[in-house]
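Two complexes are shown next, each including chain A; its partner changes from chain B in the first to chain C in the second.
Moving on to the complex of A and B:
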């Protein structure tokens, strides 16, 4: 008698697993990290120079693995290429294939151009297999004139300018995919792409702060305080916008009190209490808001400021992951007939388990470590 | 002329890069040509031959007409009632094995047709054919939920409670003899005939 039956065509299972949570999360990190690099290349924010290269390579490393969770989720991953071979102009998922590939190509070209002077220099100075590797990477061109440098700088700036709207489209599009599911009231809102975009920026900036501080600690180098302070300011602003939009959406839904509100309010107060109320709002939004408010104060000592910024960065990363979880999994926890809830049993093992998710999150970091060995991530004066 | 040569020298890495991108694009288009199924796009953005392949598959859902070939009395019993719209499989299961045996029995009268079992209370049961006189079955359609049509006969419940415990008021009004029984609905109602 206690079982909630689903006789109508309904949703007894959560089909979009943690892999679909990771996909917008990683995509968001890509967009946010790219914007940090673009702030330096396009808007001449010289204060961000210490992290400009790191941000660009981080965006590339995460972008390279952005589709991996989707492929793991598919039972026939080989069919993923069908959206490229036989695209449908009316399918948002199909359009994604082109947006993603365009963005990936743009990132690869930009990273190549940014690091070309060092690649050419190593192609000339290294011998053996390492030299061959850099000569291939240099596409066989082993000299770089001042004119070529000027042209490269111009192309890098142009690519960064194109990359800003492209990265907005990439992360906004993920929100669009959810916002366009009209059968699901927790997703179906025009604000969804904007919410995803704003939180993407926050997560990307937070990731760059955390990575920069961690790598400085590993290299036993003092982090550039002004750079961290500037990043904290950007993070604070983007966090305020992201959380305001998230709350605005919720308040709007509550005030409207449509037919779906009873199930959404039950969802939030009974099924997502921890992941939404405590993790996303309290730990992930309120705490970093105050931490960043303090850390951006100019009179705060550099050491305290970096600690607070790093902690806030970690919390924002948790917030955005929780937000993705609450949207993706939360939206599938209630029946579309609004008459019951299902559970999502999260397992450790399996293709869509917690361990697989942890590996997916670790792979871009591994790629970043490899990239750090191959390319100089730090400005020459700092290295 | 010298400026053009200098420009070409300064941009040759970009030209090589563009050539590589163009070669990649051409390779993709070549691969694409070989990957598109023959009947794709003939009548829409899908493989037209898939329609015939799907149609050729055996049916797994029994239509009411299949059941009523033998159980004509049930068809007459519910003919003028609202339950005509409810498929046999909704309350009795898919009955694949039962129908297969019945079909075999037409030619070989010795074939034994498995009788219906009792429902195990699981809406995703594996029982092939069952009889259910459980109020959970009735409430699967008749418990009031948001969006139900006005004229639909429904039992009032508290919207936040999604369990089968909200029929007390109705059972009290109708003076049910055994309100706690799973078969309590059938004290007053028939399954096939919706009267009263």
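Moving on to the complex of A and C:
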């Protein structure tokens, strides 16, 4: 029995734009980067020492801008704080305000503690405006004796331990935001939070690999091969878990062939062929899988391993961005009549255009560059 | 009943909602019940069959009325008058729809065609011409907010801007709405949209400002064939209660558990 296309009259527009694609993407980068830092601080993965500080500051820089795409998306951004002032306990979106703020606070405190010795040293040694700046950063606490540092280390570890489940909640919650929308068969699955969590880890680790290699190149410093190799292993593992879950979700939908499977299969085979089939699966999942499989081989020369890992990192970042796109935008390409599809005209300009999206992605990197000028991102032996 | 659109009568909808919202927050339900006695001096009416609105006096006046909405698809002929009435009454911007009418055509070869009835009505419209000999059956389905008892739009609203009134009407406080459009995503029926003028979520309110004055929603009043019926479900003698008791009714997307209060006579499973 055939059907002619029909779209509900209020459905022609994709309501959640590229900004809502960026929001879970940036949140995922925050969670994944934090976990890299936590692997060093909590699980004593000393091999990750060269990137531990970078990972923590990267998480903070991205976290600082995680809400910006949401603000740009809101039709009444001036009322954004209503989410905190008049929150609804039944709304997943409302809960985000509290989770985000808790996580941001945790990150700020942890970054401050990690960099406190250097801040105090500079506050003591520098004069003029620079000295004043570091004295303000020190918050009047100049004690950096061995005893004080031991206490700092203990608190840092404690915060990192709290931060691990917090980052899981942060990224898993973003998945829940979509997974709990029962009106949308492409979103409504219990696996969604787990899929977001796994891909968040992959994207965060990939971001740290790419940033580390890029900054080493900029500083004309040879990257720590063992660190990169370890990160590649973590990336490989998290990519395998993330992609397996994504595929499981799809296979489950296909095998179950529920009432709306015809819509989803048409979505994938006709509307998301490039962004899903080619970018997310082929370029973003299959290619980095093999690249990382090769790069994690111990006998591979360091230079080749570094290149392969960097390339895989870039591809995984593309994969996760494509995955966010396919979920967020893909889920709005079909009408709730389940009889027709709509287009998403992506514009360059405007509050929710491509240029604004590029600026949002650039701002955390700019913040990281500034942070690198103010705080020592590298271990003292390397600096 | 008269179709009132002037400012004096109309106490703009926003104003009504604001005061209602404030009222709901401050006053206990029992006090509200007392208030409604004043607001509903009587539900007298004599033309309920043609206008589709209830005329019976409620039996239990100490409680807020429980409203319901019934669509008798057997009667709808796609005049589109309800669409125009809604747009005029509620100042709905072009391109947005608080209500619409779908045409379902089942062909003998098994094909189902669904399309939209224009506001000018089905007759003399440019809707695709169909050879009657090819048609197995066809009917019109008016749509608007289902005012669900377990409304997912209310559930996801992060700031309590979307809520259900004591009378069972799902409403939006446009002074609270932040325009995140989560409710638009959560509504399974596609009835919500972001109003380009107010930049807030918008949808059918059953003409709340009218029904609280004992008038029928504009679409109900405008329907020349009584296909849209509005009234009190808590009154067993109301037109809507009698029709629901008499004919089998269905709700849309029942499997989602939203418990819509808008019911349909004469539709089958293909209507989404």
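As a convention for this text, the second predicted complex is superposed on the first by the 372 of 383 C-alpha atoms of A that agree within 3 Å, B and C clash if a C-alpha of one lies under 4 Å from a C-alpha of the other, contacts with A are read in each partner's own complex, and residues count from 1 in each chain.
The rule is simple: a residue touches a chain if its C-beta (ideal position, glycine included) is under 8 Å from a C-beta of that chain, and two chains touch if they have at least 3 such contacts.
As the structure is a computational prediction, the values presented were derived from the model and not from experiment.
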item	value
Chain A as common anchor, with chain B and chain C clashing or fitting	clash
Contacts of A:338 with chain B and chain C, given as first, second, both or neither	both
Partner chain in contact with A:147 - chain B first, chain C second, else both or neither	first
Touching partner for A:155 - first (chain B), second (chain C), both, neither	first
Which superposed partner A:183 touches (first chain B, second chain C, both, neither)	second
Which of chain B and chain C A:92 touches, first, second, both or neither	second
First (chain B), second (chain C), both or neither touched by A:16	second
Touching partner for A:299 - first (chain B), second (chain C), both, neither	neither
Contacts of A:109 with chain B and chain C, given as first, second, both or neither	first
Which of chain B and chain C A:83 touches, first, second, both or neither	second
Stretch in clash, chain B with chain C, out of 7-15, 25-33, 61-69 or 97-105	61-69
Set intersection of chain A contacts, chain C complex versus chain B complex	1-4, 6, 82, 86, 88, 90, 337-339
Partner chain A, residues of chain B touching it in the complex	6-7, 9-14, 16-17, 20-21, 28, 31-32, 35-36, 40-41, 45, 90, 121-124, 136, 140-141, 143, 145-147, 159-160, 162-165, 182
Residue ranges of chain C touching chain A (in the complex, touch as defined)	96-97, 100, 102, 110-116, 152, 154-160, 176-182, 184-194, 199-200, 256-257, 272
Interface residues, chain A side, partner chain C - complex	1-4, 6, 8-11, 15-16, 70, 73-77, 79-80, 82-83, 86-88, 90-94, 96-97, 180-184, 332, 335-339
Interfacial residue positions of chain A with respect to chain B in the complex	1-7, 12, 81-82, 84-86, 88, 90, 105, 109, 112, 116, 138-141, 145, 147-148, 150-151, 155, 259-260, 262, 266, 337-341
